[in-house]
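Chain naming follows the written order as A, B, C, D and E, and within any one chain the residues start at number 1.
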Amino acid sequence: MREDLILIFYLLAILAAIVALNVKDLLAAAVVLSLFSFLAALLYIVLGAVDVGFNEAVLGAGVTGVLFVVTIFNTHRRSRD
Amino acid sequence: MDPAQTFESTRPLWAVLVSLLAIPLIVASDRRPNLRETWTLLAAFIKFALVASMLPWVLQGREAVCSIWQISPGIQLALRVDTMGYIFALVASSLWVLTSLYSIGYVRGTNEHKQTRYFASFAMCLSATIGIAFAANLLTFVIFFEILTLATYPLVMHKETPVAMAAGHKYLSYTLPAGLCLVLATAWCVSTVGNVDFIPGGFLTSGVASAATLRWMFLLFILGVGVKAGIMPLHSWLPAAMAAPTPVSALLHAVAVVKAGVFGVLRVTGFVFGPDLLREIGLWTVLAWAAGITFTVASLLAMRQDNLKRRLAYSTVGHLSYIVLGAALFTMTSWTGSLLHLMFHATMKITLFFCAGAIYVRTHKENISDMHGIGRQMPFTMAAFAVGSLGLAGVPGINGFISKWHLAQGSLQADQGVFLGLLLLSGLLNAAYFFPIVYVAFFRTNKEYPAYGEASPLMVVPLSVTAIMSLVLGVAPNLGAHAWDLARAAAAAVMGGSP
Amino acid sequence: MTVPAGSETLAHHGEHMASAFDATAQSQLPMLVLIPLLVGLALVPALGLLRRRLAYPTTLISLLAFLYYSLRTLFAVMAHGELEYSLAAWKPPIGIELSVDMLSAFMVSVIAVIAVLVAIYASVAVRREDPEKEVPYFATMLVMLLGLTGMVLTGDLFNLYVFFEVSALGGYALMAIGHKKAPVAAFRYLIMGTLGASLYLMGVGYLYVVTGSLNMDDVAAIIMHQSSNPAVQVSLILMVIGLGLKMALFPMHLWLPDAYTYASSTSTAIIAPIMTKVSAYVLIRMLFFVYDTETFLRGTPVGAVIMWLAMGGVIVGSIMAIAQKDAKRMLAYSSVAQVAYIGVGIGLGTPLALVGAMLHILNHAIMKSCLFLVTGSVALQTGATQIKDYAGLGRKMPWTFLGFTLAALGMVGIPPTNGFFSKWYLVLGGIREGEWVLVVLILASSLLTAVYFFRVIERIYAKVPEQATNDASLPKTAEAPLRMALPVLILGAGVLVLGLFNAWLVSAVIARALPAGMHVPGL
Amino acid sequence: MIRRPDNMIVDVVVRLMVPAIQIFAFYVIFHGHYSPGGGFQGGALLAGSILLQRVALGTERSQLSFPVRYGLPFGIIGVFIFAGTGLFALIMGGQYLQYDAMPFGLTPVWLRNTGILLVELGVAFAVMGVLVSIYDSLACSSDEEGGRC
Amino acid sequence: MSEALSGLLFDRWPYLLTVVLLLIGLYGMLMKRNLVKKLIGMNIFQGAIILFFIVHAYKHGASVPVHSAVLGDAPEAYMNPIPHGLMLTAIVVSVATTGVALALLTVIYRRFGSIDEGELLRRLRDRE
């Protein structure tokens, strides 16, 4: 059961990573990166690292995402790659 | 050498340091030329006095040793006054006194720029030269050798004209790679035998490494010191370096720097490899032939030069190779001849350069073809010039004859008659390129000349002194400094025989 | 100054507390090295917010304390051998341990000396470059120094990573201060630096998988006989690549020239001498103290690869330096070449070569900080940044260029400067191993160095005909103020002094910093 | 930074959520040595709550609860608490951060408890201060005048 | 199929997937030209490394490393907490790095009006 969850989260995280790197809209990329972080946090929790997951959810998904979004608003939103 | 005969003394160290300590004083009195020149002269006199005061030790066969501190694990930065080193130090320090006087006259006469830098570099060069002379081991030798390379560079490019800058570049591009060869060879020695103290007769033996290794090592050493010694084809920096002011050419390119190269050859052949090992690996012939070809070709090339200093430079290249030849032949007599020529060539060649400088200061002429009748305008100068050139050609009565005589004897003793032939040929060539100068100066006239007269006494006195020294030593080589005894003793130490 | 902040609470404890405190200080030494930086790091922004001018004195005091404790640590290690310090009294391998052997004490002292001198210089230079940057400059400098010192002192692999990143964060910020283009270069460095540190962390991960421990000694003992374990091998490769990126080992040096060129001279003068060197230190620490040196350096091509890459770096860096017109960019490429000498020593891995590498860490730190400080002084005093504009400055700034010349001669390796002796040991090591090509290349590369440094020296002192221009536009003397000239001169003098006394340094410190079982022949 | 129409729902939700997040953050800090959590996470949560205000209410209105100029001092105070606790233990004759060396007249166990709490608090403040400062420097730097919010 | 490969595929697939993530991140860091994309790649890369540690600490059938009265003191009952502790720090470090990088990025944009690496490098080479 747990292994299945791990596999699903892994695949989703990989998907999110690929999407984040290939979306032309940087804002979308930042949001997908947050999603990736959130999936990673879930993975950590499923893998037993509750506090790491907690931290990743707050810092990786939350704070990093906000920082990215703010930066993108202040700079360019479109990317050529 | 009997170990009981060595003793500790700091006097060699002071002899090295005295001109180094003068540099800050010289730089500090940048704005007051008289004070600045006082420091130079003072340093020169003290240095000469210190070196001269060591003469009794050397004559008694006692060696002063001064270990300063360890410079690399197992290797000391150390000075030792052995006979051969003493000969070189004596030549350099005594001629520095005269050159200092002459320099003052010269730089003021031509109104050189940046005189402070000039005098400071000069003092640095002399420190390095004495350091080379007294170096007790290979690493110390290398260190002073490189310092000398570097300290000479500002002097070569002193005029800062494009020609002088190019000469400086040429000088560095010959001497720096040579220095690296020397470093490499030294490092090789260090990792082969560990202890690299100079020992008369050589510290390398055939047991420490294969013959091929030793041959490579020897070639590296000769490349390293041979550039400064002007062995062909490594000589071409020397004529170019004549772009320097004449006192520099006089002391450094006739005495200190090039003699440091030759001295290096003597150290390497006599104190690193030694006669036995060099005969065994058979490389002495290469060195001897290189020297023989060099002095023949250099004499031929000298004849084609119209510029007086360049002609003297080629002459220097040739005479340096006499010394190298003597070292390579490895007989008692040839070594004596080498060491005598190390001293005697210095007095003669410095006379010639002094004369060239005096002529330049008074007339701004550098080419021989412009010097018609100059002998009657500047009689003392040209008389001295005549003495020097006769001596270099090997006329008896002047000191050059004595050293050449020994070299010729040495080549016969070594069963190398061919070198005797080369020596004679080169002596004739010497005459062929020197006599026209004297002839032109005294027996041709040029009506267009204004009356020049002699240069300032600051220049005429030193050149007269060196000319007289050449004459006196030609008659009584043992007078004063016991030059002949010293040379015999040093040669005996290397060859392992009694004088 | 020697008593850390907060000690006033001690006053009522009586007089003999002083000696008791001294005894405490002895046992607390490794931590006392870090504390001045930590306290300074908290105080500098705090006081800087109140008054900008307080930033420099605070920094200087904490750096002097840092220097004092570093040297005391060095002498304590010389007297008593390795010092170990367990944070919060948790014993290793569980707790985090500061472990100071001769090598780390030596490195810390190098960092401290350079830091103090650059800080003195920066007190004037930063204020004149941009007064706004004064507080951030000193604060980030302290962050970086804290990170670097921590990297050197720690005995814990993961802790090293954290300090790695701390120093890097300080370094990025410090680099971004400067030229208009500096942030771009800093950003590129950030990407590469993070990649390097992450690869190192990955390597630590593999080691942890194998050993279950993060303490260096512990790990070393466990993997001693596991050299054939693929995880150990992978970790080694990851670490070498990661640290190679950080120390700009050819061909991973591409971030370095821009970063050094566009950062302000004051920043470069502190980053260039010690940042890459500390990475080199970590590489030495890993290759010779953690991994089984015999197996990896002799048995696998790792050592040879490092050595030849480094040699390539020496040649390429020197040639690129010759091609540069900008003074700082030339020095940056020369840094690539000089750091590669350290790489050569590490790759060769014999005692003598390692002595050469360690000596070169110190020597290059001294020389390069001196040179970068000079470019800073020149830029501030005359506005010149291109080499051609240096013409004739030797007479206008005599003291500054005396230091420059000494350092340049050291870089070329003229005896008896210190640069000669680091190459001397490398060459001795190379000859002993029979690596003739290497030996010749090392010597030949010093000719390349001579080409680009003599070109500058010539411009400085001689009138080069086509550029005798700026004589008229400048005042007769433009010597930098004392606080800028003095550090340059001290470093320049250091070039000579360290050269002359290198044997003392080698026998008293560096030879004893070698890993166990290695000893220098002749000592 | 980002212009948006005032949205009452967002306003109200944020106002309700921020105190809750902060209380939870302190819970995480104070309970860190019993359960998952601690200074890092708590500090990050505190920072998160402030960033939420910044993003949702706009930079100007969020000044009222946490002005920009507080960011750095908070970080400094955090470092002071952390370094000071360690130093205090060191001065009292223990190792750096060896809490049971502190002379508070408590049993070693309680001393460790108190010490680690202090350190966690310091870490939390430092993390919060630094994160908020980073955000502010990012958000404010867009202004043409440079750095004024 | 060799034994090592099958072991990698069936027993250690989390490691394999972690490496996939790692490579995706590396690709983003090195190949993408947009600086924001580079940072996204960096975040993915660091996330993958953290995952690597966490996966290693995972023990099948063990519990979260919080002491509970039910499970007692047996170490087998808990996962290894040390990598977890390490990764807490690593996450904070990575966020701090991202923060500094974004600050730099904003400054770059203000000065050059672009966050495309090719464009920036062109500007960098310009002599003024």
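We take it that contacts are C-beta pairs under 8 Å (C-beta built on N, C-alpha and C of every residue); 3 or more make two chains touch, one makes a residue touch a chain.
All values reported here derive from a predicted model rather than from experimental measurement.
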Both-way neighbours, i.e. chains that touch subunit E and touch subunit A: D
Other chains in touch with both subunit A and subunit D: E
Maximum centroid distance from subunit E, chain identifier (CA atoms): B
Chain nearest the overall C-alpha centroid of the shown protein atoms: C
Chain pair with more C-beta contacts, B-C versus C-D: B-C
Identity of the chain that, by mean CA position, is farthest from subunit C: B
Separation of subunit B from subunit E, taking each centre as the mean of its C-alpha atoms, in whole Å: 69
Rounded Å distance between subunit B and subunit D, as computed from the means of their C-alpha atoms: 78
Separation of mean Cα positions, subunit C and subunit B [Å, integer]: 44
Averaged-CA centre spacing for the pair subunit E and subunit D, given as whole angstrom: 24
Per-residue multi-chain contacts in subunit D, two or more chains: 36, 38, 40-41, 44, 131, 134-135, 138, 141-142
Contacts with two or more other chains, residues of subunit E listed in rising order: 64, 66, 83, 88-89, 91-92, 95-96, 99-100, 102, 105-107
Junction residues of subunit B, two or more chains touched: none
Touching pairs among all chains present in the structure: A-D, A-E, B-C, C-D, C-E, D-E
Complex contacts: residues of subunit B adjacent to subunit C: 69-75, 77, 117, 142-143, 146-147, 150, 154, 157, 160, 162, 165, 168, 172, 176-177, 180, 183-184, 187-188, 190-191, 194
Contact footprint of subunit E on subunit C as seen in their complex: 158, 161-162, 165-166, 168-169, 172-173, 176, 180-181, 183-187, 190-191, 194-195, 198, 201-202, 205, 208-209, 214, 258, 262
Sites on subunit D touched by subunit E in the complex: 35-36, 38, 40-41, 44, 127, 130-131, 134-135, 137-138, 141-142
Subunit A-facing residues of subunit E, complex: 13-14, 17, 20-21, 24-25, 27-28, 32-34, 36-37, 39-41, 43-44, 47, 50-51, 54-55, 57-59, 62-66, 79, 83-84, 87-88, 91-92, 94-95, 98-99, 102, 105-106, 109, 114-116
Sites on subunit C touched by subunit D in the complex: 4-7, 9-10, 24, 28, 31, 35, 38-39, 41-42, 45-46, 49, 85-89
